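Here come two complexes built around chain A, the first alongside chain B, the second alongside chain C.
Showing the complex of A and B:
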């Protein structure tokens, strides 16, 4: 089983805490063996040192052909095994596979979007969820596509799941509208690349948050995010907001923004506003760590996929097909 | 002496100049008094004492900011047990309704540049 032997390696602050699979399952040899090799390497290095010393001490002679080969051999052997042997002692994320995931918090918010229901209603042409979200969070409506800011948006299945489509896929599925938003990944690449910790994963419930006060607008997170879920404010957003919701802040020129899973509403025990606004009830939100939650129930009986799971980000927005 | 008038005028001008620091100080003190701020609320007490808020409101705001944004800790409990939402727009500005009269007046008196809070946070009572 893929999930076997998972260990939690935790050093320093919570921020530096990753859950990684034990080395035994990712490589070909068990940890103990690699550690043995590491000890062996140290011995090899000592031999190398002794050889060199012998040669240097024998000043009258140049390096003998025989000695040269001895040293070259020892060096090559060290180089070949060193990387792996050293990593046997290392901590940190394993980097590959979609399941390097911590599920041991009490709360892990996740979203399930039923693409079969999405876009079927009379009001869906002008998606009420999208409108509600953008109005509530003062997301500007900028006509220039290059400067567009979006928290939630719609695209076709073909574009949303580029790795799970093919030329002969049925037309209905290929063009099916899919609502896209920040996936609030369990292993968020945007957080790893942010140089100021302006974007961070909230430890208590897994939300990937933005601290606009700390954002310096470097856009590393936008390069890091494989889902295009982040927007940069290329222009002053205020003039492009039709009606400012004064209960929620706006953003300023030069910061990155994205969906927050409505953290401000969650604090008041309300679900995200897109869930509430969807007339087709196509979006469900809940605690993934509660086996009785609606999201878990739906996932246990439906055919669900996630976007680009092979990247190892472990997205927490699930799509029912 | 034919120059009596001129001498007297000269003496007067001299006296006025010499006493400049005294009367200038008097006038400046009148016009340079700290502004009286209109709080505009029936509330008797802020989240902390008046003196604390006067000296440390900026630190309190920064602390609230970090609590809300980074620690999802949104509720402030006052000494007497009353709870407040840690929010500039939705708590502070509820009582201090007039930003111009309350914030700006004192900031401009003490020469404090308008903080960039307002680049993003809305003055809920504007317009």
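Showing the complex of A and C:
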């Protein structure tokens, strides 16, 4: 159980922590207070859960039915409260998986990118989505291409879909930009290979997250990722960030990073910033498990593809061609 | 017994000093990497593993090859290997330590290395690689030291060591199998995605490792009173012969599968290696050199007339070692990343600082071998004197 279900708060000097919090919010008492309560309740729920398990397993103790339900009731209640508190108060990912969070996967975040709309607008020369993302997340702009850090970027159709192209493909498709980012796979190879669980799939909504405090920089995940979505901090990133966003951590040398589907914004019930910034509304984000969500609606009426589906990673970024 | 390494002639100390200088240079360069980051290497976003991980992979093979002297001696009672087993085990110790150091210098956050133990992840092959390498190191230290201690006292090795020796045989196979799984379990890198990876690793290991042992044995014969005999060296030469032939056979199997099926994703990597891809030919001369060296070695080794002449045998062994080193230490890891997932090519060449750090690690390995072999030779010299 070591490390499981722990909650990361990232208050204070957590400079390179992956969840934003909180330079801007530091000293914000009600928020901190709620966070404290949430941590307390989570811990309480965890202890009770463990207690309950122990009681159920240890039949010799002969617990009375009534006592059992008492404990079960309190556990359920506090777990619920904790979950609520966690999601309501901008907690971001609760460590790795997190027993306190619902596992019924009511939510499965996914993205649909309409490549027909992409790059068509007047502002698109200097893609606002890309800029917004990299500015919000302190992604450095490193001139040496070999050391580049990218969370979201554009490439040609040929490069995005190298196994689904041919010589006679129409010119418009050839020159059409394709937005690339982490696919937040349902079956992520990067998570499978990571030797420290520094990258992990969030149980509650399927996001593939990074714990930059735990990453040892072995770069096995970069070998594992078939989409080239991961970047390593080959050089000190700070000097290459034009304007540091104090509300989001800056990464340190020697760790891997990637798009997080804006976990810090999702926690505040906001969508990813690239979606918000796109002037052509080419990117749509939503819950794949909700039949009424916009992503589901679009997928049900459009021709969509995913990158390298034959690898069985089940990517959750869909492209309308 | 360690004190025996502290007594030596001038040449011994000069060699130790030379190694210390190389280690020192490597260490200073490593400090530079520690402060400036892995950006001082030739690695990149696209080719995210390079010289370090390749050396690690190659040396796992050298480590595993100790089994090629241990197995005939203990399972087939092949007496002629009796004096060589400890040399094999000590070579394994030095190799495994180098492997671990290469992993360490490759880490972006080396001070967090213990996260591998604090957060054990059985789903990751790297976790199992750590377990198997660590176990193999302990086994060889225990076996090598105990047997040498017994030899020093002129008594047979204690009975309790036997189960450990038997365990070390499958364990040697496991270290290289698990290391192959690091690569062949990744579906997105089609160059590595081949079930024959582990057998290939083992065959190249069982040619490179014993070839190195032959070279060491011949050097030892020149510089000490302990004279490794003609017979065990010839037996080792036979092992090298079979292993290098099987290794080339395995490579040909890969080439047939890849080019007859003609799946572009799989062909591109091999094309990059042997003819170049999209105009990039960085590894082509190396791979042809490797091919020529291996074939040249096979000609010398398969022909009994040349194999039985030790001065030709040593040439063949050097060719085998360099040939397999290029194949694994340069070709295998880097080519997995070329072309990248976008079917474009970013080439890789190690920087001189990266090479210095790698040489430093090799220096540490050479120092460990020097010290351990010195102890063995000192004990044997005394036996001979008595």
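Please note the rule applied: the second predicted complex is superposed on the first by the 217 of 321 C-alpha atoms of A that agree within 3 Å, B and C clash if a C-alpha of one lies under 4 Å from a C-alpha of the other, contacts with A are read in each partner's own complex, and residues count from 1 in each chain.
Rule of thumb we're sticking to: contacts are C-beta pairs under 8 Å (C-beta built on N, C-alpha and C of every residue); 3 or more make two chains touch, one makes a residue touch a chain.
These figures come from a predicted structure and were not determined experimentally.
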Per the contact definition in the header, classify A:131: touching chain B only (first), chain C only (second), both, or neither. neither
Quick one: classify A:251 as touching chain B (first), chain C (second), both or neither. first
Which partner chains sit in contact with A:204 here, chain B, chain C, both or neither? Use first/second/both/neither. first
Under the stated touch criterion, which partner chain does A:306 make contact with: chain B (first), chain C (second), both, or neither? neither
Quick one: classify A:174 as touching chain B (first), chain C (second), both or neither. neither
Would you check which partner chain A:225 touches, where first means chain B only, second means chain C only, and both and neither mean what they say? second
Comparing chain C with chain B, which touches more residues belonging to chain A? C
Which positions of chain A sit in both the chain B and the chain C interface? 252
Flag every residue of chain A that touches chain B in the complex, lowest number first. 200, 202, 204-205, 209, 211-213, 244, 246-252, 263, 267
Complex contact set, residues of chain A against chain C: 2-3, 144-150, 155, 158-160, 162-163, 189, 192-198, 214-220, 222-228, 231-236, 252-256, 308, 311-313
Touch list for chain B against partner chain A, complex: 65, 69-70, 72, 74, 89-90, 116, 119-124, 126
Show me the residue ranges of chain C that touch chain A in the complex, using the header's touch definition. 36-39, 43-46, 48-49, 103, 106-110, 112-113, 115-116, 118-119, 121, 123-127, 130, 182, 185-189, 264-265, 336-337, 340-344, 346
